[in-house]
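Each structure below is given as structure tokens.
Consider the two complexes below, in which chain A is the common component and chain B and chain C are the respective partners.
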Partner chain A sequence: MTAPLEARELSLIREGNTVLDGVSFTVAAGEIFALLGGNGAGKSSTLLTFLGFLEPSGGQVLVNGISVDSDITTVRDAIAYLPEATSLYGHLNAYENLDYFLDLAGKSAGRVAIDAALDRVALPQEARTRRLQSYSKGMRQKTAIALALLRETPILLLDEPTSGLDPVAIDEFHDLVKALAEGGQTVLMVTHDVYGACQVADRVGLLRHGKLVGSFAAENGKRIDTETVHAAFAERETA
Partner chain B sequence: MIRSITREARFLARDRGALFWLALAFLLSIVAVSFGIAEVREQRETIATLIEEDAADRANALAGHEDWGSAAYYAFHLTYAPPSQFAFAALGQRDSKSWKHRVRMLALEGQINEADTRNADFGLVGRFDFAFLAASVAPLLLILLLYDLRASERMMRRHDLLVATAGSKGSLWLPRALVRVAALALLLLLPLWLGAFVEGAGFGMTLQASAIVIGSLLIWWLIIELVGRIDASPSVLLTSLVGVWLALAIVIPAISKASIEAANPVPDGGEILLLQRETVNDAWDLPKVATMEPFVERHPEYGDHAEIGEMGFEWKWYYAFQQAGDQAAEPLVQQYRAARLQRDQDAALASLLSPPSLVERSFERLADTDTLSMIAYEDSVRAYHGELRAFYYPLMFPEEPFDRELLEALPAYSPKR
Partner chain C sequence: MSLCWRIAREEWRLWLRSRVVIFAALIVAVLIAATSVLTVNRVSAEQSQRVEQQSAAEETFFAQPDRHPHRMVHYGHYAFRPPPPLAVFEPGVDAVTGQSIFLEGHRQNTAMFADTKAAADLGGFAALTPANLYQLLMPLLLIVLGHAMFLRERESGTLAVLLAQGLSGTQLAAGKALALIAVIAIFMLPLVFIAAFSVTLGESAIAAASIVAGYFVYLCIWGALVLAASILLTQRAVSLGALIFVWLFAALIVPRFAIDASSAAIDAPGKIESDLAMLAEQRKLGDGHNAADPAFVLLQKQVLEQYDAETIEELPINWRGVVASYSEAELTDLLNSYAEERMELEASQSNMFNLFGIASPTIAISSASRTLAGTDLATHHRFLREAEQLRFDFVQGLNQAHIDELDYTLDINRNNGEAAGQAARVNAKAWRVLDEFRFEADSAGDRLQRATSSLFILLGWLVIASGVVILAARKVRV
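Let's turn to the complex of A and B:
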């Protein structure tokens, strides 16, 4: 069966620096795969190659078996992307932002569906008609997550999705991601949050200086052991 | 595509910054069209008043005289170039060249080149008409609307989300820019269309003017797109685009003008006036035969009537030396006319390097306010003056008895000759 996401010997060199060096992994349907790494490890670059924003220097990235460089429109149609520090339009309210971005994706949703998505991300009702420039970072992130929900894409790419969220919001977000994966969505998230990655992911990959240097999987219905991953992460970061 | 355009139109409707520039464009267009209409109406009123007074003045002048020479001397004749129905959009050369004269049977070239005093304020900044708005101001407004479409999204870290959501760049940036260009074009053109309707300008002409405006905006859109591909901050892009605008709208036209003027020296109207007046004034002190000989060379049909006594005053001699003044100025007049035409041709070529100049020239051509139109008007005055001479000379030189009734057949000037 074709994996929704696959990196094959992915390499990326930018301005003479090796950003990714022979990275290979697959993410199965309904799986949550977290790429862990420190600053400059190549996490966000990996996501951007799946979106076609960065062209690999070597290897291949495939989305649903389609090479990203062969049909970028189809590839992007299959992906909902949540960038780090999401900045939706500040002069629009939540409804207007979602309407706009959904239309941009070639989709439409009625007010009921949008409210349902905003309920799922727990954005307060009273905030929904306010302009986003008055939102906290967490509220903006929730609105962006609602967009990802409404797009109903089979794949979610999340770049440091819990950065800036309060602990309660982080837990809610993890629950939401797990629910989406249980519904069949494939999730690739990149983060430097060891605890969060272990809480939510089915598998965690350790990325260091552009190389995938370790992998941990949840087994027997248990979450990945945070201590083990943390130790490996710390060891490799200081190595 | 229609869906994308509708989406971006709704988005634009909520973008206060863009709405401000669009509202300003609409306001400036209304102002430019209103100024233009007010100006051409004032010119038409002036002409109507002059036409009304012209006949009465001439009748008055002719009533008190009993010989052809006096009648011709004291009667003024109005000539004028009425503004076209599209002149409200491009006043062009009507600001700097005379479009009305009151000519007499005297030497003509001095009368043509004795221009009205220009308004120094307008001489400095030019008149704010629609052509100026479309040629020079609209590109700046377009720059302000488009310069940071991508760059501002990059700065706000929204670019990747937008493009990833849209699927392809084309389905986002093209409709977003297209909506802005179309909105600007529409808001600029609406007052023009209304003005054209009020002024009775033809549909074809209005269509051509609209095509010029849209074509100019498309050229500037292309320029903004090319500069926008530089991976730079919005402020750097804005500075670069304003630099391009300065080069195309100010620097290139200024350099072209200076080069063309240096390459095609033109005697000014004052030189023609001076030469013609000196010739006329000198004639008073010359033997009369020195005036009559060149006159007969030009008009051999009056050879039998060209003998003038050296003593005393005769109208025949007076008008002959008036004509001698024109004849003396002829080479200078031809040089002036040819050089102006050459400058105009060179300016047409140079305008290919400057979209604003090209737009202004195209508007002036449409509105009949360009150099060619003003030269055509001057030629029509010469032709009319020739008709006056052709009327009076056969009466004056053979010394036909004065007959007031014959004055009914005095040629009348009509524009568009």
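Let's turn to the complex of A and C:
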């Protein structure tokens, strides 16, 4: 069966620097795969190659078996992307933001569907008609997640999704991601939050200086052991 | 296409919600309204005044009593050039060339009554015309509005989200371009109103539409340059700085350089210089007031032979009138040769200046604008030629009256007392030799033809600038 996401010997060189060096992994349907690494490890770059924003210097990235460079439109249609900065328009309110981005994605969603998505991410009703420039980061994040939900894509790419969120919001977010995966969505998230990654992911890959240097999987219905991953992460980061 | 509309709509929503943008737009609207009202009022008044002045000058000339015809040659007449209807938008060279000429015998006077008085009355504000605003200020506003159109998306991270929705860089650029075109279309409204007003003043609809189209293309060129900078450059400050530099270069530096280069490459002496050079040659032609001047010996011989006479007193015509007519024709040939040479040099300078449109779309539009409005140098030169023809015709008409209607003996004795002076006159009906003069702009077709090269240069600019936008948009990266 074709994996929704696959990196084959992925290499990326930018401005003379090696960003990714022979990274290979697959993410199965309904799986949550977290790429863990420090700053500059190449986590976000890996995500961007799946979106076709960065062109690999070597190897291949495949989405649903389709090479990203061969049919970028089909690839992007299959992916919902949540950037690190939760970048939506500050001069628009939540409804306007969602309506606009959905329009661009060729999706139509009425006010009821949008409200349902916003309910699901627990964005307060009173905030929905306020411009996003008055939102906290958590509220912006929720709006961006609502967009991902409304896109109804089979694949979700999350870039540092819990960065800047308070603990309650993080827990809510993790629950939501798990629910999405249980619904069949494939999730690739990159983070430097060891605890969060172990809490939510089915598998965790350790990325360091552009190389995938370790992998940890949840087994027998148990979450990945945070201490083990933390030790490996700390060891490799200080190596 | 619907995606483009959607993107354009969102860009507009951002602009409308940004008070800075609305404030900038208000400033421009006030400036355009002020300059349009001032220019329209001034030019409309000038137009009706000059038509009235032309009629008044003719009536005054015809109303002169019986006189010696040569006194009427020096009494002279005026030719007025009323501003064409589109001068309400583009006064062009009218402000500096002068719009009326005093016509008299033996002289080609300089055009006078430029707009210096009007400029003084308005504290120099008269120089700020609607055309100036469109050529200089509108591009600046486009720069302010659009320099960060793409960069803003990149800096805030929304570019990645936009592209992740399956949007291509080209689609995004097309949407942004559409938003800018809508801005330009709104900027064009005052010009459309002014052009429509000029049609009510008698302007050809084709010329009015052409000038609107020309400025639309011009502003689209700036829109494309602004968009290209926003896509290609990586920081707002750099984009704004680069575009301001391009504006300075295109709108101020190149035109200034083009004027200096044209003047240096084609040295055209001024009117005073050529008058001084001409005086030496003029002296050789003899003095037309002195029939005994040695310069006319050969002419006298020929005329005597023609009429089979021994002396000028025996001639059936007035010898002094013959000399005046002959002298005027010779002198006019000389004056015209100098005038034509000067106008050709000025035209060459103007053509060379227009070529700099290749380096600056501002030069190309200003040239096309003046030509289409009928306020260009070529139109002024035609006015000078037509006024000169009017002068020559009425002077020679009066000289003919001198030849045919005034007895030679009475003529040479005209200074021997009051009675002799009264006798040496011709009937005032002779003043009817003066033709009515109504200067009109060239046909719209002729103006369009003259503006073709500048309009093609503008189109070339648009094609290149749009090409840069398309190429850059295809390679948009997050």
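In the analysis below, the second predicted complex is superposed on the first by the 239 of 239 C-alpha atoms of A that agree within 3 Å, B and C clash if a C-alpha of one lies under 4 Å from a C-alpha of the other, contacts with A are read in each partner's own complex, and residues count from 1 in each chain.
Operating definition for what follows: contacts are C-beta pairs under 8 Å (C-beta built on N, C-alpha and C of every residue); 3 or more make two chains touch, one makes a residue touch a chain.
Not measured: the values here are computed from a predicted model.
Enquirer: Record, for the superposition on chain A, whether partners chain B and chain C clash or fit.
Expert: Chain B/chain C on chain A - steric clash.
Enquirer: Is A:Ala179 in contact with chain B, with chain C, with both, or with neither (first, second, both, neither)?
Expert: In the superposition, A:Ala179 touches no partner, neither chain B nor chain C.
Enquirer: Hey, what residues of chain A end up touching chain B and chain C alike?
Expert: Comparing the two interfaces on chain A, one with chain B and one with chain C, the shared residues are 48, 51, 53, 73, 76-77, 79, 81, 83, 85, 87-89, 91-92, 96, 100-101, 103-106, 144, 151.
Enquirer: Please name which positions on chain A make contact with chain C in the complex.
Expert: So the residues of chain A touching chain C come out as 48, 51, 53-54, 73, 76-77, 79-81, 83-85, 87-92, 96, 100-101, 103-106, 144, 151.
Enquirer: Help me check something: in the complex, which residues belonging to chain C touch chain A?
Expert: Within the complex, chain C touches chain A at residues 3, 6-7, 10, 13-14, 17-18, 156-158, 160-168, 477-478.
Enquirer: So in the complex, which bits of chain B are touching chain A?
Expert: Residue list for chain B touching chain A: 3, 7, 10-11, 14-16, 156-158, 160-168, 171-172.
Enquirer: In their complex, what parts of chain A are in touch with chain B?
Expert: Those residues of chain A that touch chain B are 48, 51, 53, 72-73, 76-77, 79, 81, 83, 85-89, 91-92, 96, 100-101, 103-106, 144, 147, 151.
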